[in-house]
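Alright, structures below, take your time with them.
One chain, subunit A, appears in both complexes that follow, with subunit B as partner in the first and subunit C in the second.
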Partner chain A sequence: MAGLTIKNVKKIYDNQVLAVAEFSIDIADKEFIVLVGPSGCGKSTALRMIAGLEEITDGELYIDGQYMNDVEPKDRDISMVFQNYALFPHMTVYDNIAFGLKRRKVPKNEIDEKVREVAEILQISELLQRKPKALSGGQRQRVAIGRAIVRNPKVYLMDEPLSNLDAKLRNQMRAELKKLHKRMNTTFIYVTHDQTEAMTLGDRIVVMKKGYIQQIGTPHEVFDHPRNLFVASFIGTPQMNFIDVTLELVNGTPQAKVMGAEIPLEMSMDIGLMQGEQRKAVLGIRPEYVEPGTMDGITVKIIMQELMGSTVQMHLVLGDTEIIAVVPVSDAEALPAAGELKVSLPADRIQLFDPDSKLNYEIIYGEKEDPLAHLQMPQEADEA
Partner chain B sequence: MKRVNFKLHKQAKPPRGETSRGSNAAARRKDFLRSMCFLGPSVLGVIVFFVVPFIVVIYYSLVTNGTSPSFAGLDNFVSLLKNGAFQLAAGNTLKFSAVAVPLAVILPIVLALMLEARIPLKSQFRTFFLSPIMVPVASVVLIWQVIFNYNGTLNAFLSNFGVDKIDWLKSDLSLWVVTVLFLWKNLGYNMILFMSGLANIPRELLEVADVEGASPWYSFFAIKMRYLSPTILFVAILSMINSFKVFREVYLLTGDHPPEGVYMLQHYMNNMFNSMDYQKLSSAAIIIALFMIVLIAILFKVEDRFGKDVEG
Partner chain C sequence: MKKNRYFGRFAVFVLCLVFAVAFLLPTVLTITNSFMTEAEINSNYGTVFNSSKSNSYQSEKVNLKFIPDKVTGSQYINGLVRSPEYLIKFWNSVFLTLPIVLFQVAIASLAAYGFTRWRGKIRALIFFFYVILMLMPYQVTLVPNYLVSKWMHIFDTRWAIVLPGTFAPFSVFLLTKFMRRIPYSLIEAAKIEGAGEWYIFTRICLPQCRAALYSIVILVFIDYWNMVEQPLILLNDPEKQPLSVFLSTINQGEIGLAFAMATVYMIPSLLLFLHGEEYLVEGIAHQGSVKG
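After this line comes the complex of A and B, so read on.
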């Protein structure tokens, strides 16, 4: 039960590879933080630095207000769950769970009590005498989680704990992890490359790319107000539609033009243009917000429809840009299966991005200050 | 989609009834013949160079000497075991193995652990320990002779500290000299085996141990050693066989009839060969082989208990 303060933490490996650049975040007590990003974004390295398994090249780490940079992993009062479970193959489930307590010389009867309690919580009581070899993937993961929670540490660190499970089990375990967090009432720091896990589990999400933090925010903020193009494309499936547009003011009203069509934007939106000026921008809109089959709007061509169950993904072409619209099956039945169609893009759902800096217009022209303004990723690193 | 799957399935494994039993047997025979084409040369080699000589050795050990050999039962073995030279050679070899084999296992583990840690000049150290493998023994023996000679380097060096001259190869210490030679030659190879063994230990297990508060000693004995046990077994067997065969170095250092302290089984066998005493030679070979088989079986059993959960 503790908050963490991470200040400008950096990791540069011996071979001069930059793994994490300027990682800073204040994590509140009992918060569930998810670090998410594509592979090689530095999320695991960041977690491992918190655990003490990786040396911190620069910066400061505080757990519960205490400076932790040079503290041994075992003295940080953390526990960690690994992707491949990391169970000791020669020990029974019982001994695996009891491992940390035994190493800390906790009295035997106390160990026994705690192990059985944890086994009860994770529903693995009947497996206690088995060895890891005789367990399924899901059971092994439960044991690994059991080993982590039995000591009741201040912070739980989880490195892609569900990645080795099949889809169905993953969903189930995800829900259980969420319950577990409520029950343990402790700080969780969770690493994943799966944006669904990030969205569903995190109180706050840290989106990373190539060692740089791209955005820190609640799932809602990250989804609806992505700080830049990368976050916008990484969070959400199917990914956000991006359309190259030209911005201008028409009678004082901001508008986006594409292929001769005009897309009205919100009246209040500040796009930093004077009357008569034009600027190129990237318009982003989530597939869920695209409204096909409206009376007026932009004409698009239908490529195909994919039935996803309760929704239909419509693949459309606007000019030379392919966009996707997600509509409920009931609505899709009323729409043509081929040919042309009109779609409208609700003004209040539209995000605009600058093609050069990749930043959201909300950041560039909005009133809120960008908390990550000082942290500009070098252009060449971005493109490499 | 289903259809395609079905077709693939059909190709891979014909359902019963479609092919008759007869053609199945024919296919198997063809398979056997084909595999024999590949295996044949090796099988032939093994038979000619290992199986037949071994049978010949057994034959020689069971018959009397002379032009018209007759069945001798275990007489050859009895006389061999009573033979003073054999007793000396066997005793020396056992003594040598008892010292050299544990050292040939423990020291490389220590070296491998050392080289695994982040230390400066790591690759230089590795090359240093590996170089003896590449050097032909015969060419280095000269240097060893210079070092261990009565008027050699080591004595000269020790005299600086007021130590009296020792005739290394003729003293009680001669077995130690041979041990040093043996280790010098074998450490590097064993070390490489242990390094690869260490590299195969799942990193996460050691990290979990770290996070959960295990001491370095615990991590070493309870985790690393367990994962190293197959390598330890292999290195121990290899070293044991090598230690039984230690000869080349001593032979090159001291010739046919070395000082008593370093008269090894291989010397004995070599001399028996030279004096055409095939009976003693064969009996000795069989006794050594049996001894090795028993030792290796014990080692396998121990390793089986210790390492069974960590393998595959």
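After this line comes the complex of A and C, so read on.
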């Protein structure tokens, strides 16, 4: 069990490609941290640097207070679960799980006891004498996790461990990983490109893009207060609706105007405008918060409805912008299937973003200081 | 239409059968004739081998005969027990071939591991040279080998054959291709779990290259077991010659003995092939090519 301190860690490959830029975070003991982002965002590279599988170009890494930059992977007291499981195909499940203990010269009877205990926890006791090729994907995943937890290391690193499983098994294993974290009561660092996994598993989420950290926060913070447009669009399914609006103060009250309609904003919201001034902005609102079928609001055209089970996704169009509203099936039944209807956007759920810096207005005009203010992603890198 | 198709298939079958018989004929002839008496062999092929030692009847024309009049093991007893010459040559073959196989597998697997793990910039260049060397027939290097063995004072010793045989690009190429198929994450997982480089090489990489290792052992063994040019050029002393060379001197007489020893000579290659046949197919199939 240990915390980690990562200070301005950078990875530049020999071909001068920047994989990770100024990666800094303090990870508390027993915390479940999820690194999330699209392919090529540097999340796996960051994890591999923590594991010692990639050299750190610049910056400092401390595990449990100890400087680890030049320490061999085997001496970092970490374990890792790989995306492809990385089970040794010529060894039995038992030998795979016992591998790390054998290399550390743990007495045989102790190894046997620990392997059987872990097998019991993961419900793979009857598979111990099988070879990996005789296992299903889910069973292989359990063996890989077994090999990682049997040594009881200080930190568990997991590199997209569920991405090779089918959807049903992934949900099941996700829940089991959460239980495992509680049971092991130690630090987990988990990499995924699946934002649902990130939201459900992480105590805190680190959202990355093109090597740069975009936001670090709890799932709630990242979902409801995205730091910038990228985080807002990446987190959440379906993604947040974005509407180009013009901001102004009307009788001291901030308002967003779109297609002649006025969308009232929260009275207390600071939009940095004087009376009579106007500014372009991007209004963001989650599909779950859009309220269709209200008496007043803005008029939208219905394109289609998709039944998702207990909810319905209503595809609507406002001017030339398509927006989605997610409503319970019972509410959707009362709404028209085609034509026009009015939708209301609750002021307390609206997020505003600056179209140039892409930052949330809460960051630009809010009272809280931006912890990532020093970390400015170059404009050309962002647009590339 | 249907009749024509059946006729076509029958014609192909007959053609294949003719080829198969043509390929098998010498082997079957060697094996069956090894159980004949000296006199019966001389009566069949006397004029071809014209033995000066033989006083028995010699046939005027070659008479291919597959079924012995009288089955006897006397040629085997002569070759393996009474006449030490063939046996000595057999052991010469063993002592030349086995070290080459062992050393070549050891060196090639280490080199292949290096090519797999080392990610330096000039790796591709060196590997390219290996492939070029592989394409070169070994007859091209016989003269340089002769000169180098003279210079190293190993000419006319077993090492003149063993040393050049130890460093073979084909084995390195085959094993490198095989090792590169091992997911890198396996090596990384082993590293994290506390394995050192030697342990990863011997316990993670090599066991997964079993098919390639078997293929190399079989191919190299057969290659060197049957060698003729190298011993003829690099070994002056007839006492040191392997059986493969000695068998080519059969026209000096004792033809029955030669048949028996040729049969004995086939056995190790055959056993090795039968034992590792599956691996041989797997090992080569994964490379998408066969040895030329």
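Heads up, the rule we're going with is that the second predicted complex is superposed on the first by the 384 of 384 C-alpha atoms of A that agree within 3 Å, B and C clash if a C-alpha of one lies under 4 Å from a C-alpha of the other, contacts with A are read in each partner's own complex, and residues count from 1 in each chain.
Keep this in mind: contacts are C-beta pairs under 8 Å (C-beta built on N, C-alpha and C of every residue); 3 or more make two chains touch, one makes a residue touch a chain.
Just so you know, these numbers come straight off a predicted model, no measurement behind them.
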item	value
Combined model on subunit A where subunit B meets subunit C, clash or fit	clash
First (subunit B), second (subunit C), both or neither touched by A:P89	both
Touched partner set for A:K133, first subunit B, second subunit C, both or neither	first
Touching partner for A:M208 - first (subunit B), second (subunit C), both, neither	neither
First, second, both or neither for A:K74, with subunit B first and subunit C second	both
First, second, both or neither for A:R147, with subunit B first and subunit C second	both
Subunit A positions touched by subunit B in one structure and by subunit C in the second	51-53, 72-74, 78-80, 82, 84, 86, 88-90, 99-100, 103-104, 147, 151
Subunit A residues within the subunit C interface of the complex	51-53, 72-74, 78-80, 82-84, 86, 88-90, 99-100, 103-104, 147, 151
Residue ranges of subunit A touching subunit B (in the complex, touch as defined)	51-53, 72-74, 78-80, 82, 84, 86, 88-90, 99-100, 103-104, 131, 133, 147, 151
Touching residues on subunit C, where the partner in the complex is subunit A	183, 185-186, 188-195, 199, 204, 207-208
Contacting residues of subunit B [partner subunit A, same complex]	202, 204-205, 207-215, 218, 223, 226, 309-310
